[in-house]
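Labels for the chains are A, B, C and D, by order of writing; each one numbers its residues from 1.
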Amino acid sequence: MSFNSFGRLFRFTTWGESHGPALGAVVDGCPPGLELDEAWIQPFMDARKPGTSRFTTQRQEADLVRILSGVFEGRTTGTPISLMIENTDQRSKDYSEVALAYRPGHADYAYDAKYGFRDYRGGGRSSARETAARVAAGAVARRVVPEVTIRAWVSELGGDAIDIAQFDFAEIGRNPFFCPDAEAAKRWEALVDGARKDGSSLGAVVECIAEGVPPGWGAPLYGKLDADLAAAMMGINAVKGVEIGDGFRAARLRGEDNADPMRPGEAGGSGGPQFLANHAGGIAGGISTGQPVTVRVAFKPTSSILIPVETIGRDGQAADIRTKGRHDPCVGIRGVPVVEAMMALVLADHKLLHRGQCGG
Amino acid sequence: MSFNSFGRLFRFTTWGESHGPALGAVVDGCPPGLELDEAWIQPFMDARKPGTSRFTTQRQEADLVRILSGVFEGRTTGTPISLMIENTDQRSKDYSEVALAYRPGHADYAYDAKYGFRDYRGGGRSSARETAARVAAGAVARRVVPEVTIRAWVSELGGDAIDIAQFDFAEIGRNPFFCPDAEAAKRWEALVDGARKDGSSLGAVVECIAEGVPPGWGAPLYGKLDADLAAAMMGINAVKGVEIGDGFRAARLRGEDNADPMRPGEAGGSGGPQFLANHAGGIAGGISTGQPVTVRVAFKPTSSILIPVETIGRDGQAADIRTKGRHDPCVGIRGVPVVEAMMALVLADHKLLHRGQCGG
Amino acid sequence: MSFNSFGRLFRFTTWGESHGPALGAVVDGCPPGLELDEAWIQPFMDARKPGTSRFTTQRQEADLVRILSGVFEGRTTGTPISLMIENTDQRSKDYSEVALAYRPGHADYAYDAKYGFRDYRGGGRSSARETAARVAAGAVARRVVPEVTIRAWVSELGGDAIDIAQFDFAEIGRNPFFCPDAEAAKRWEALVDGARKDGSSLGAVVECIAEGVPPGWGAPLYGKLDADLAAAMMGINAVKGVEIGDGFRAARLRGEDNADPMRPGEAGGSGGPQFLANHAGGIAGGISTGQPVTVRVAFKPTSSILIPVETIGRDGQAADIRTKGRHDPCVGIRGVPVVEAMMALVLADHKLLHRGQCGG
Amino acid sequence: MSFNSFGRLFRFTTWGESHGPALGAVVDGCPPGLELDEAWIQPFMDARKPGTSRFTTQRQEADLVRILSGVFEGRTTGTPISLMIENTDQRSKDYSEVALAYRPGHADYAYDAKYGFRDYRGGGRSSARETAARVAAGAVARRVVPEVTIRAWVSELGGDAIDIAQFDFAEIGRNPFFCPDAEAAKRWEALVDGARKDGSSLGAVVECIAEGVPPGWGAPLYGKLDADLAAAMMGINAVKGVEIGDGFRAARLRGEDNADPMRPGEAGGSGGPQFLANHAGGIAGGISTGQPVTVRVAFKPTSSILIPVETIGRDGQAADIRTKGRHDPCVGIRGVPVVEAMMALVLADHKLLHRGQCGG
């Protein structure tokens, strides 16, 4: 994993800034012969794209993906797949203030410290707009792991958690929050509206489950499936915490309560054992066990807020900054398709790695 | 990062099994001219080594490191540093039962599913004994980042957290729990003794702080400092969760409460800004800000327990298993020097990466 | 180095097929703050582009490069630089025959054997058209190593070598063969014309010298400068041999004749020693010595010829094939800017690697 | 490929100096379940080891390999295989002069320029003694590609080439030169004896053929099989040139003479086509074609000679140096098993890479 590439065998490289002409991803190492076209990718883009409800940024981007290489007659050729998304709704004038002072919570100061200067328009490279490229690449990855079903949702928003008893997968697509609990979704409307009116923002927790992962994916000790997932998720903009399975709750359990007991698999079943619990989140010793792979991801509140925050300018002088422009009141919401994409990308890589080392 | 290598420029590769003749690490990419000898490394090994109190495993290992290459006349030469630690206290007979049935929570089933068979003696490659190699490599890494002070401790054990008001760095070395709160350390004695008597085990939370990291380390977007730390920590045996800065708590804050406001640095200071808070844990946009880098790591309870757990055998038949042998009642405790080592290893790599791309 | 990426710190990834809409390169790890715009890159593209004389393919491509990311206000930002070149002169109808039968010497059969099918239009991914992306990336690399002067030329064409006594750097740009010997250039006109009339093709030897490389670049033992150059050059389309310094001639020398004796450097010089010979081609033990780095590269004759060759079809049946279309009678000629680009790319990577590990 | 690691999926890392306590290799990514023990590796070590005839160095090393990890009950487990070889016959006193002055042709000056100082004993890390680790790793690689037969030989020594009409594989093992031409072997005795008496040294050309490589191995465009072989071979100590197939001779052929025509494979054959020639050396577009893979490697004469050569000291002053000690009069001879090992290592990696991306 280099600066802007992720993965080993199934590897993608992203490029592009928030306010440049375009952004994109090059997906390398994809198996040949998989069906792929723009129509397959677009629905995943649409799930992430801005401006679809009043609870996300009002920037309007069609986020149309173009496949520039690596596909011939509707199938992947095994060569690099270049995916490009044009930026169409930049308003660089919004960023004159940002050019002069550092927005706390953003990468502004860190980029200047590292590189000596920065493309300040919309956050440049550090903009969450880059996640569009991840989602496009993730759509390709899904073709590599058709045996796996990946679903993510917001389980907590602004500190208000869903009621697990009300969990309904079908509900996720019916509200603007990717919320599986219809009651919670209603509460969150008021919560997000309130934050937006205050010029503030909210955090969220996103959960993701991958079902159908066979046992044996993952590579100890420094290519562990859970370590790769942790890197994949922590690298998403605004993420500050990652849990596999029970995560921090496991630290409060006793050994016998944290065990995932096994019983012989059912006759006629997949051949694997039957697990009586899944505290481990489907991964042991860095290798998948055949149980669902589960991950929880903490998104901090959007750093771009209208409430003034103390900061300093590029000139080192004290300043106050209010981040105008069009921002998500809760970046965690649109993080859902990104988390799914990163899950798909990690699993695709590990499927190929496992096949490479161990065959079949 | 390949199967058993970690890092890009400063990279280490570990090898060895719990019950083989030895284990070790090859550290590659180390800058030349650094002072290094076994005496520098050994204290870090001693902090991790087993058998030092009744609260850790009773396996006796001297964990003496030998430097086999890469050092000449007391200084690193820039060539690979081979570090070897002999295993001296194997008792393979303890593992006859493990050969036949899978220990829930361990990697036994996953290894068999992946590789077709496994070295079952003491967990083989999946044993936490491998972390000795990380600690040795981490000691080398510290030489690369002398400007950084890294300290870790147990902040919660078996669900019992320290009182932050009682926090005292000096206390960490005075009790067998790496606990900075003397009162908590006393309570934990009873807690761990109780778990051990019950044949059970406990989880823990380890926290780590790295002070002195200059702004600019880390490489967006897939070599982010926080993403690498997440991978480094999640890859440690028994770890199930990682947080940077406020972690999951950030998901419950509003934007203005999560901001880390900046003021001009003090005259005569390091030149960087003064931050009024550190919710971000010293990292923004994947790049260090000059604030302390903070990470929290959740260790699950030791999976090896005497309380019988339902499982299956290699033959697919139902079985119960009690894991005899000499085990840590709480692996999180000895995780402290390992967390420190991984922090050092990640920082050393990023220091060199930054210097490579951006110079001085 | 992954499937379609080259380099470690300064790394580029190429994508695109001969007859797709575009091709490009993503350059990652570039130091920030370097001046860069399309105008800098274009002359290198023009040197490689087809259709500039009757001695190269008559395909007409403007080969205009567009910078899509990574540059802000005329300077590199340290983030990925996406370079795109549109294909404008595809004639896919030329390739109906190629779809059905394998062209000997081309990658047709190998691609089908590997991937199960292939994009046969113009060779798809295996087309030498991909080298346009290398040249664009190489132009960026030159910005990273301004201390180095890189020059390549054709030293032998169709078995007819230049007279070293007539060598004149200024002559290289004056003839369509990148030939430093005006007399040889005249002879080659007839040679290439003859081959083209015969429907045949010719091979060539390209030489390259990089002056100004300081001592210390290169990383033993598996990141040696010469090993990387060998990979870089052997990976160019149609290349079958690579020599560093004296190459195969060194195998016929005695030790004392192959030595590069040293004398103290001149007062007021660069500080390095004065070498009395350069059989080694500026590299010892995989590390640059401060002498000019020299490499020789053998290009086979173009495989696309009008003379019929025995082959088989995709159906396994015997066939004869004549490769119609617009082809270079000698691919080695246009290999000159590609060899220069690969030299620049390898050196840029090693400069950063050296700085990363050893500082300054 | 990092500083001291080679390969992607099947990757090895070497460590150790000529006069340290030991040297070794860690082989990572090896498929599980392969039979492996020291007895399998040792014959390859014996073929390379010094002191077996008067035509190689008189240093006496048993070169006994110890497997320290990654093998359980005689089979590879899929975890890292640590291979260690102790150094037993160091005579560091031979190197007092080398500490003070640079040996032309050696890496002495380059190492000092890069690292600031060096382990001068026997060349330290730059010693050809490191190739013992490659040979050990190569023996493991052979287990990964049992379908392939790899054989190398010296085809030219001191400018005296074998007569291809006298080529006999069986002869290679019967003389101390790995020479397939009995007549040439006799001539070379006198040649090498003469050079040794003169205090001089000779170069050599080594050729290698790998039969049984199926079509489809290799990964365009920056993981080409030929590019990897070029790097692998050029990285061997003293190598200055690499050719695939006809190499530089191809640059003198016309297109129709360089073509490898195809005819339908024989009924009952492997299914692949029948090739009527193999100018390409079994590789097209960076991918194996199913023909034998052939490579030629040029070794310069040993740089350590008794004839005085002009040089400078570490103090920058002029000096003459005669390299005493025990040296090979022709390093190319013992290069034969090293070339074979590198061929095996590259092929093993590409087999796994191909299986990873393309399955089966």
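In the analysis below, a contact is a pair of C-beta atoms (placed from the backbone, for glycine too) under 8 Å apart; a residue touches a chain by one contact, two chains touch by 3 or more.
Only a predicted model underlies this, so the values are computations on that prediction, with no experimental measurement involved.
Common neighbours of subunit A and subunit D (chains touching each): B, C. Note: the chain lying farthest from subunit B is C, by mean C-alpha position.
Here the spacing of subunit A and subunit C, counted between their Cα centres, is 39 Å. Centre-to-centre, using mean CA coordinates, subunit B is 45 Å away from subunit C.
If each chain is reduced to the centroid of its CA atoms, subunit C and subunit D end up 26 Å from each other.
In subunit A, the residues touching two or more other chains are 2-5, 8, 14, 29, 32, 78-79, 114-116, 125, 220, 357-358.
Across the complex, subunit D is touched by residues 1-6, 8, 14, 102, 104-107, 109-111, 113-116, 125-126, 130, 156, 158-159, 195, 198, 200-205, 215-224, 226-235, 237, 240-248, 250-265, 272-273, 276, 279-281, 283-290, 298-305, 307, 309-312, 316-318, 332, 354, 357-358 of subunit C. Of all residues in subunit D, those touching subunit A in their complex are 8-9, 29-32, 78-79, 220, 352-353, 355-360.
Within the complex formed with subunit B, the residues of subunit D that make contact are 2-5, 8, 11, 13-17, 20-24, 26, 28-29, 32-33, 68-70, 72, 75, 77-82, 114-119, 124-125.
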